[in-house]
Amino acid sequence: MDQTILSVEGITKTFASNRRSRDPVIAVNNVSFSLLRGRVLGLVGESGSGKTTIGRILTGVESPTHGSLKWATTGEESGQRGKRREGRAQDRRVQMVFQDPYAALNPFNSIKYSLTRPIINYMKMNSSAAKTKAEELLETVRLTPPAMFLDKRPHELSGGQRQRVVIARALAAAPKVVVADEPVSMLDVSIRAEMLRLLRDLLAQGQMESMLYITHDLLSARILADQVMVLYQGNMVEMGQTDSILGQPMHPYTRLLLDSIPNPRRRGRPLESVAFPQLQSEERLTTGCAFAPRCPFVMDICRTQRPEARARDEGRLVACHAVE
Amino acid sequence: MNTTTVQVSTNGSVTPTRPAWAEVWLMIIKTLWRNRKSRVGLILLAVFVFVACTGHLLAPYSVNDSSFATSAGPSARHWLGTTQAGQDVFSELLVGTASSIITSFSVGAIATILAMLIGITSGYVTGWLDDVLSFITNVFLVMPGLPLLIVLASYAPGKNLVLIIFIVGFTSWPWGARVLRSQVSTLRTRDFVIAARLAGDSSTRILVREILPNMLSLVIAGFLGSALFGLLTAVGLEFLGLGDPSQVSWGSMLYWAQNAGALMNGQWGWILAPGLCIAIFGMSLVLINFGFDEISNPRLRGDNE
Amino acid sequence: MRYFARRFTFLIGTLWVAITLNFLIPRLMPGNPASVMMAKFMGRGQPINPAALHAIEVMLGISHASLMSQYWQYLGQVVRFNFGLSYTQFPYSVRYVIGQALPWTLGLVGLSTILSFIIGTGLGILAAWRRNKMTDTIVTSLSAFTNAFPYFWFALVAVYFLSFIHNWFPLTGAYAIGTSPTFSIGFILDVIHHGFLPALTIVISSMGGWLLGMRNNMINTLGEDYVLLATAKGLKNRWVAGMYVARNAILPNITGFAMALGFVVAGSLLTEVVFAYPGIGYALYNAVINEDYPLMQGIFLIIVLCVIVANFAADLLYVLVDPRVRRGRA
Amino acid sequence: MLRRTALLVSSVFATTLGVGSMAMASTNSSSSMGTSPLVITADYGSPGLTENFNPYVSSHLVGANYMYEPLYVVNSLNGQQTPWLATSYKWVSTKKLVFTIRSGVKWSNGKPFTAQDVAFTFNLMKKFPALDTNALWQYLSSVTASGNHVTFMFKTINVPDWYYIATTHIVNEAQFKAVKNPVTFTDTNPVVTGPFVVSTFTPQEYTLKANPLYWQKNKIHIPEIESIALTTNTITDEMISQGKVDSSSQFVPNQQKTFIAHNPKHFFSWQPYASPWTLYMNLTEFPFNNVLFRKAMAYAINKERIVKQGEYGYMIPSNQSLLPPTMQNGFTSSALAKKYNYSYNPKMAAHLLAQMGLKKNSKGQLLGKNGKPLTLTLETPAGWTDIIQDCQFISQDLAKLGITVHVQTPAASTVTSNLQTGQFQMVDEGAGSVQPWFSYHAVLSSSETAPIGTAAPSNYERWKNAATDKLLNEYASTTNKAKQLQAMIGLQKIMLTQLPVVPLDYGVWWDQYTTLHYTGWPTAQDPYAAPSNYAWPDYLLVLTHLKPVN
């Protein structure tokens, strides 16, 4: 049942922080996972944890410094994609739903234009056939009647409508994998759940084979994701089935995340604004556990030795010296 | 460039589709019109363009008519007096508007096209080509323009307007190129550009359909800046005698007036009028650019609206 | 230091481009420099002695060598500031003529650039501080107008009204006729008296740029979070707050300062012509109208050198003012 | 920069000695001798003056002309000869010329002036051809001194060359012998025979003081000449209109209003005519190779309008003979001039063009041989505003005949180069020289022309005519006045009937002077010299005529 679509093997991504600094920033550090057919993997972490970078590597917008992507069906390595120059045609099998529907649609182009581009490019359809296909897609994302939307421009639509257009455009390329990068965080609270359900339904309909859902919000992961991977400063700290992670967090960082979720009964603050001391990139530890400076259970070993990800029951992976 | 504040009516599904570029222009003109300074600039510019188109009809006399008393001061028949050769100065001013504005706009156009070619290429590609183009841009940015122009113009085999336009145009692109480069390198990482790449669009299409419309206001601002610079530089060259003195323009009028000792001779109109026209025309461009500053810099918005 | 090295490489690169352009332009243009010289040195319409022609060619170093070897020779000469002999001031060297003119221009341009920077920046702060008030409207509109002035036209009108009609300022020159340059109070006052009006016209025509730039920077900085924070924290004293903002807003203007130097130099060229100020711009003008090509090229290189060295200096100044650059992270 | 420091140091010393006073605007302030200095503007300071009184370097200061002297002073207007450093000359044969040198003349260093100095001067030019800008040694074979005689031997007969020999600046042998390279010598402390010697120099002005050893000391009443650098025309115009300058020789637009009107009792200008501005046509090309077309040009151009509206009324239309009115004395035939009077007559021009067989199209454009409208270019140097204006008038005049003329204004050197190599159609340029024969020789002699593509010295239009050469040669090889006149009239006839070039209007000797401090200036009534202060050797006459006003 759990058929792997795309496996991500040990990807690392480093950026030169700027031209004059000698220490590169490690955005993603040796992360591996598999996207499974019909399943949604949630990628959770605070901003700067590398989750967006992983999403961009999947789409091919960026290439990993080390590691590779492998399509399970063909065995094709996608790692060499990194050698291609940026700006070339991308792999249509991975499409993306962006965080900000305002920024994801060019204000000067009509909905029709944005939607038909992938159809024309990938399906080799002429423009009238592409228009019909675009109308179908709009219906699929429940924007009806489609004719009313096609000739509009982004600023004539509401945020939720725009995000549906963005989703429709992602589907237009008939992708195997969709990367949804915080698809609801900019939307009105009232429609977030609906949007997440739409994505869930689209996966169920077979509009795509698998999905990577990137979020900082563990609660929304509960709605959409089958599995969750928690990232801390580019490192995978914990991974497992969504219910088990939320129900029984093992890594201290996961626990911290859960504790900081606003709870109607327990007044708290949303995660993004928790006043964690943000560390300067150069000052990140290159040895030892990345979380050690903030960890309440820190031990000597944490500062000298990087914890390996170790398998637990139910396919759970945890990288922590303190968890035995 | 969070500028999509224009509301377009949404009367049903029959909204006629405007081409994307028309949309861009409409937005720009609306924004400009809302700003008081740029509105004044637009009106002034319109007046000058009108005079440029109709100058030869409005002029009371032909500029070739040298049958009047020579070197006369202002009078009822000759509002700004006559030249040393007996031509009507006011007629020259009206007729000269066309070539001055053509000079200004042509320089603006050449400089803008070069700035776009170099700046956008440099911003869109990475690696050695960007490095080389950026270096060239920075070098010409630092290179003092007028001395270079003087050297070029004085070596040129003939003196004519087209030559001046090309020489000035080909040396005034770097500022625009630099601005456009940084804008492109920002836009290149925007979500909608990434989306277009994921949609399989070619680089050229992405440039034309996604990036360019979003920097049109910068391009026009650069055009206006170059047009002003071009006019002032061309006028300076003409004043130094490096232009084409047979071409009636504001700059050549100043050249002739200065050579004929116009001020000494009490012919203040001959010197003042072309200079004022240059300054007011230039001011209209500066004022319009105030509006563009506000389009590209939201924090400046709210000025005198 | 890496920043310094990068800027220095750029300085050398720019110089090299300028030198190469200077070398190529006359050689790519049609026309024969030798015939220009002949026209200069021989009386018109008089018989020409072929021996004299040859002698003059040799004397002026007209070379028939290959372009590449001429180029190497040229580079060697430029490095030693050897630009050959001026045609119009023959047999004085171009270096000598430039040496005579350069101090006056450096003084005039230097003084007026600094004045215009200070006045323009000051008014820009004022305009931003009183944004959308009467002061702002007047100051910005006026500077839009002065920004579009042709420098030389303004100078023409000024010299006519203030010097010729009213005799408030001298008509011409850098010091009174009949005096010799000495380091005395009287002479220095005389130089200032002569330089005042040219400097004034340059200041008025060039300060608009600073003003508008500073105003925009100020408005941007006023919107920055840390300023809002400072205000919220109760930095009630408007003057202190203003200075706080201005100090940060002035940074982009310093790079602009160096950039704009090229424009000020260009403006001063034309102003010097109008005032017959014995500086480098007036020398360039005369070189052009007299077709003194060696002098013209020498002056071009010197102007480029001055502008890019000033740029380099401004870059270094920027390091001193902005610590972020010093740490190499800007 | 070293020189500058030296200058500063020396002027500091001068100040302590009380010589160079720090007085502001010392212009026209009385000197210690009670007489005002003569204030002139003669040199362009671009941007400042450079100290150079070497008379053989083309960029020398005009002041050199007031210090060095020639053997004879020849009036540039009418050729009248005044013995100067020589008392007489004699053509022993057409190949041998002997000058007798004045005795009692002293150099400013106190040493006597001798014939040896004269011979040295000419032999120096032989040794350094770059000094020989009048190409004397093309004709000379030797110059020797013996006693108070200097003998010039010619290898080629050239009688008119006397003029260039007689007006050469004579230098001091002892001084110039010590100079390693006289071509680049700046001669800041000249040893001279003339009325003035160098006093002070700054980049803005220099002063010359009277030479106490001058041989005609009784004729010099000027204690000091103050020569202020010319800057821009406008600024100089403003200075002369304020009476700050006694003598200025430049183009002043509208000078009646801008200069004379400021003080009509004391401000004057006398600007006599010099050699003409001339339309050169490329005679190797259609349509200029047809004399009918050239005649049509002479009739078609409204010279009256050119002088009145293009030249501020300073000039008069030129006679087709090429010689200025002052030079026509004894050299012209008035009967000829009357017979060939090319006054403005567009109808005649149209008639001549029709006679050539040129047709017009429906738009009134004259068609060339290939059936296309006739389009010509007319060049004149950039910056010569009045000539450019004249060219525009010419263009308008020819447009009335259906000929399109494009006026082009390249750099002066480009125009010269185009003229020399024959790559032009029409050019408006000065033609002619100080003496009639030189004018004709330069413009008409086949020895002064060259094939298209090769530089021609001065016969730019490429007139090649055996009869012309013969007449030129006849004049040059005789000292007989009657024979010379015969040759001259023959040359004029060629000019008038063949029109190798079309003279347009006479240039003038620019001149503005005031009688505020000095009188005795040359005038129309007393044209004893060309009035311009750059006129060599004429201004020596002016300086010996001027008398201070009390």
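Letters are used for the chains, namely A, B, C and D, taken in the order the chains are written, and counting of residues starts over at 1 for each.
Operating definition for what follows: a residue touches a chain if its C-beta (ideal position, glycine included) is under 8 Å from a C-beta of that chain, and two chains touch if they have at least 3 such contacts.
Note that the structure is a prediction, hence the values are computed from the model and not measured.
Two chain pairs are in question, B-C and C-D; the one with more C-beta pairs in contact is C-D. Taking the mean of C-alpha positions as each chain's centre, the chain lying farthest from the centre of subunit C is A. Between subunit B and subunit C, the centres computed from C-alpha atoms are 23 Å apart. Rounded to whole angstrom units, the spacing between the C-alpha centres of subunit C and subunit D is 38.
Look at where the CA atoms of subunit A average out and do the same for subunit B: the two points lie 47 Å apart.
The set of subunit B residues touching two or more other chains comprises 154-155, 157, 241-242, 258, 263-264. Touching of two or more other chains is recorded for no residue of subunit A. Annotation for subunit D: residues touching 2 or more other chains are 238, 383, 411, 414. Those residues of subunit C lying in contact with subunit D across their complex are 31-32, 35-36, 39-49, 51-52, 54-56, 59, 85, 87-92, 96-97, 99-101, 104, 163-164, 171-184, 186-187, 190, 272-280, 282-283, 285-287, 289-291. Listed in rising order, the residues of subunit A touching subunit B in the complex are 56, 59, 61, 86-87, 89-90, 92, 94-96, 98-100, 102-110, 112-114, 117-118, 121-122, 145, 147-148, 151-156, 166, 169-170, 172-173. Listed in rising order, the residues of subunit B touching subunit C in the complex are 37, 135, 138-139, 141-148, 150-152, 154-157, 228, 232-233, 235-236, 239-242, 254, 258, 263-264, 271-272, 274-275, 278-283, 285-287, 290, 293, 297, 299-300, 303-304. Residues 1, 3-4, 7-8, 11-12, 14-15, 20-27, 44-48, 50, 52, 57-59, 128-135, 137-138, 183-186, 200, 202-205, 226, 228, 231-232, 235, 238-239, 383, 411-414, 416-417, 420, 430-433, 438-439, 441-443, 448, 455, 457-458 of subunit D are the ones touching subunit C in the complex. Chain contact summary for the complex, subunit B toward subunit D: residues 64, 66, 70-71, 84-86, 154-155, 157-160, 241-242, 244-246, 255-256, 258-261, 263-266.
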